[in-house]
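Next come two complexes, and both contain chain A; in the first it sits with chain B, in the second with chain C.
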Partner chain A sequence: MNKDNMHALLSKYRFQCGILLLLLGLLGLFLYVSPQTFLHRRIYVAFMSTIPFPTLLALGLTLLIVAGELDLSFPSIMVISGLSFATVSQTTASPFLGLLAALVTGGLAGLINGVIVVLIGVPAIIATIGTQFFWRGASTLLADGLALNMTELRDTTFHHVMVGRLFDWIPMQTLWCLAVAVLFWFLLNRHIFGDDVRFIGDDINTARMMGIRTDGVRIGLFVLMGLVSALASVMVCLEMANWWPTQGEGYLLLVFAAIFLGGTSVFGGQGTISGTVIGSIIIGILEAGIISAGLSGYWTRLIHGLVIVISVSLYAMAFKSRRR
Partner chain B sequence: MMNTGRSFVLLAAVLVLFGTNVFAENSLEQSGKGMKIWFDTGGPVGGTYNTIVQNGARQAAVDLGCEVAFMYSDWSPQKMVENFTKALSANPDGIVVMGHPGDDAYAPFIKEAVEKGIIVTAADTELPGLMEKYHTSGFGYTGVGNYARGQALASEAVNRFDLKKGSKALVWGLKSQPTRGLSSKALIETLEKAGLQVDYMEITPEIDKDASLGTPIITAYLSSNPDCALVITDHGALTAQLENFFRAAGIAPDAIIGAGFSLSPATASAIKSGYVDLVGDGQPYLQGYLPVLQIVLTKRFGFSGLEIETGGGFVHAANVDLIAPLAKKGLR
Partner chain C sequence: MDTILKATSLNKSFGPIHALFDANLSINRGEVVALIGDNGAGKSTLIKILSGVFSPDSGSLQINGTAVNLRRYSVRKARSLGVETVYQERSLGEKQPLWRNVFVGRHLRNPLGFIRVKKEKEMTLAMLRNSIGLKGVGISADALVGTLSGGERQGLAISRAMHFNAGLTILDEPTTALAVGEVGRVLNFVRSIAEKGNSALFISHNLHHVHEVADRFVFVNRGTIVHQCTRAEMSVAALFDKLEQLSMAPLTPDEQR
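Showing the complex of A and B:
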């Protein structure tokens, strides 16, 4: 590869290179500050057992944001899908049927979002704030506000397949999450669906004139987000052996932070799957790094904020220079 | 004649007895009938702990015949004050507040409420200044004093598990919150007084809402501090997830003493599997039931505020089988 090609390649992938360097820099810093934690496999197992959940959600949301849409209801879609999973798997004694019920619930909730936004014409931010309240309320009402214990699923094959430990240490949810990330990468980069999503995000009117079925694609993205939320919820229920009515509430800001840290444009039309995955990992390891360095938890938010603001500012500067 | 006389007396006695009972029944009615009470449950809709509080208040409403409207504050002191002002504008007969915002934040609003004739009482977290001031107007407190509950759990853990001086302990709590934070403060101070070396971590707002996010944090702490002997979570939902946290961190059952507050089905299961060893039970059901009763009795009969301690001891492996079924029903 000659120098020009190398330069072009680096320029093309400068966002990904930048965020990867940030991740490596942080890991290096944590290794230096607290080697007793970051040289031990245990912390990485803990990361691999929890980071996949917000990452799955961030992957679904990345596609939506690239298309210029938004979904604030995914924490509530998680909770209603999780309730379907818990109830059906407990009444039928089949967690597989529970998974199907959760996916149907999540898909339907996503479809409802899509219909409200695309066919009725309510802006996504408003529509999904409404459905977020609706699904949270519905699940609390249906469960009578009580958590459901699911420890009986811990020894099932289903549990091992979904969130078990491969070779006794790799959490299965990491593999599922990677599979979804690869699938979404193909969708966004190697499939006509991805082109449609980008065109819609860039300029929906032009996309329409080009013959893209914009309504179908946008509704499809909301359904996909619903399905991903349901899958994440089932995994959280299995990992925690519990369903609880406030499940998912803590994910909202972290997921958005991961996506924007990963370089996805808030204006749509631009975003990468790899950026979102790395952004999720950075957000997922920050607090643990701060704690293991012996700093008080009070530092967490400050450093979260600092990393996000610096990163997105650098993106903005790079983006401006490109447009010049 | 004698027989007729006796029959007459007997008949008269039966009539008097019957009549008295009938009148007595007519004169008694549900004491809260027609009353409206606004109740801030403190937590989010469907939160593990405040749902039990709500269940207690709902039962009191049924038993006493009053209406109770519930509010939710996501454990945010600011939202609690906002909810109070909303309740105030509805002009109910009584308002139940959670004391987290503290005396100073509530003072002007509670003054306004008392002047309007609205009975205010506190649950879960005490408001000592306001209680002293409005005690005669029915301002009471039902709950476990935050400092007292922290102190009790820490002392019990030290004594029960024979923790030696110099042992390391982690307290994961909400020290930064006014009044509510006294519990974490007491945990730290009591453990330190017993000679333990205490580390403190503040629960972030994200983990406060969704305990599942706490796994890497506890793993990171335990990796950096492998000599930690005791972990106390000053948070019901985090206590419920201690088993998962320890599993993810590769900690075997009973390798580290796990303790916390509030019994839930998941906590009961963790006690049985050996990951949680001690749970302080503040009997939140009573913290819902008794404030409603307080307001009704004050409104109807002018009773002054009652101070009721609901701390009901501890749940551990020896008594969990008795209490766990009630936790499943949202009563304990």
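Showing the complex of A and C:
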């Protein structure tokens, strides 16, 4: 490989390199400040049990954002799908049927978003603010505002397969999340669906002129986001052995932050799966790092904010994305 | 002579505006036809019908001698029948690499729909070297379209149509907003379409470019085709005179209503 190729390769992957360096830098800093925490396996097992949930959501949302759409309703799609899961698995005593019910619920909620945005023509930001309230409200109403206990699922095979501990230490949700990441990477980079998604986000009129069935692809993306939300919700319910009416509420902004931290363009047309995964990990380890460094929990939000603003500013300078 | 496309009495209204009125057009194989007319004459309505963007209110269309069902006609269908449109903008995805732009909507893929990326990049590179003449160092199939000049973009879009062997390439103002040196290259691309035995429909406001490249001129005025002639019959000056005469002509009683 000659020097030119090397340079081209580096510049092609400069954002991935940058964000990977940020992750390694943060880990190095945490190791230096609190070696007693970060030199032990336990903290990493904890990360692997919590980070996959927002990462799954971020993967689905990345595809939507690349297509120039967005979805603010996924925390609420989570909660209504989780309620389906809890109810069906308790009444039928089959958590697998519960999973199917959750996926159907999530897929339908996604389909409704897609129809409102694509066929009726309401901008995604407005439509999904609306459905976000609706599904949250519907879940609270249906459950009478009460949480549902799901401890009876703890010893089922289903539990072990979804969120068990492989070799008694690797959380299964990490493997599921990696599998989804690989699948979505192929979808975005090697499949015609991903190609359509990129051109739609780039310029939807160009996409139409090139004969892409833009409506179908966009609706499909909302459905996919619904399915991913449902899967995340089922895993959260299993991990916590509980369903509660405010499930997912904290995820919204963190998931967006992870995606933009990962270098996906807010203007659509461009985005990377690897960036989203690394971005999610960074967001996920910050809090633990801050607390174990001896700072009070009050610092976490401030530092989240700093990391996000500084890194997206660096992207903006590199991409020269100022509006003119 | 062998006809690639034949449109018969096309009509199209937008509300009260009769944009296209009994328009007839036929294009022969290996011929470059120029569509000439003032702004609002109906040129773009006509090409949008031919390329499948608009559906006409009435009329018929034959491509390669076969009647097309205009109710089911779409951009996708047009492309599959070999009618390819190169718009001034909107033909390329700015933030996408060249190879994706060459194959968008028509990727080489395996039965599961996965794209054969390596093969596509090789074919893109060959296309860049041979037909567009982008031989510069560092040009790669992974370069983004946003880094190309206006002429290179037109070149890419036209070579794409040629690569997929489009029987008819419709070019909407391909030379507007180009640097002087690039115009010549784009006009050469248009000529090379005809040299390969395919046809082109060329829309431009610049009558010098039109005269340089087209075999036949078709004048559109007030939504219908009013005059046709070959290059041999008309000089550039005569083209200007004819266009001016048409746009100054008084309205017929029917149009005044």
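FYI, the second predicted complex is superposed on the first by the 320 of 324 C-alpha atoms of A that agree within 3 Å, B and C clash if a C-alpha of one lies under 4 Å from a C-alpha of the other, contacts with A are read in each partner's own complex, and residues count from 1 in each chain.
Definition applied: contacts are C-beta pairs under 8 Å (C-beta built on N, C-alpha and C of every residue); 3 or more make two chains touch, one makes a residue touch a chain.
Quick caveat, the model's predicted, so the values are computed rather than measured.
Asker: Is this a clash or a fit when chain B and chain C both end up on chain A?
Answerer: fit
Asker: Quick one: is A:G211 in contact with chain B, with chain C, with both, or with neither? Answer first, second, both or neither.
Answerer: A:G211: touches chain C, not chain B.
Asker: Regarding the shared-chain residue A:V118, is it in contact with chain B (first), chain C (second), both, or neither?
Answerer: neither
Asker: Look at A:G269 in the shared chain and tell me whether it touches chain B only, chain C only, both, or neither; answer first, second, both or neither.
Answerer: second
Asker: Once chain A of both complexes is superposed, is A:I43 in touch with chain B (first), chain C (second), both, or neither?
Answerer: Only chain B is touched by A:I43; chain C is not.
Asker: A:V88 in the overlay: touching chain B, chain C, both, or neither? Say first, second, both or neither.
Answerer: A:V88 contacts neither chain B nor chain C.
Asker: Examine A:M162 and indicate which partner it touches, taking first as chain B and second as chain C; both and neither are also allowed.
Answerer: neither
Asker: Residues of chain A touched by chain B versus by chain C: which partner has the larger set?
Answerer: Of chain B and chain C, more residues of chain A lie in contact with B.
Asker: May I ask for the angle at the C-alpha centre of chain A between those of chain B and chain C, rounded to a multiple of 10 degrees?
Answerer: Between the chain B and chain C centres, as viewed from chain A, the angle is 140 degrees.
Asker: I'd like to know which partner A:L188 touches here: chain B for first, chain C for second, both or neither.
Answerer: neither
Asker: Once you lay one complex on the other using chain A, what is the shortest C-alpha distance from chain B to chain C, in Å?
Answerer: 35
Asker: Is there a shared patch on chain A that both chain B and chain C touch, and which residues make it up?
Answerer: Comparing the two interfaces on chain A, one with chain B and one with chain C, no residues are shared.
Asker: Spell out the residues on chain C that touch chain A in their complex, using ranges where they run on.
Answerer: 53, 74-76, 79, 85, 87, 89-96, 100, 104-105, 107, 109, 113-115, 117, 137-138, 140, 142
Asker: Considering the complex alone, what residue numbers of chain A touch chain B?
Answerer: It comes out as residues 34, 36-37, 40, 42-43, 45-47, 49-51, 53, 136-137, 139-140, 143-149, 151, 236, 239-242, 244-251, 253-254, 284-285, 287-289, 291-292, 294, 296-298, 300-301.
Asker: Where on chain B is chain A touching in the complex?
Answerer: That would be residues 44-48, 51, 54-55, 176, 200-213, 215-217, 219-221, 223-224, 226, 237, 240-241, 243-244, 248-250, 264-266, 268-269, 273, 328-330 of chain B.
Asker: Using the touch definition from the top, list the residues of chain A that touch chain C in their complex.
Answerer: Residues of chain A touching chain C: 4, 8, 12, 186, 190-193, 195, 198-199, 202-203, 205-213, 265, 269-270.
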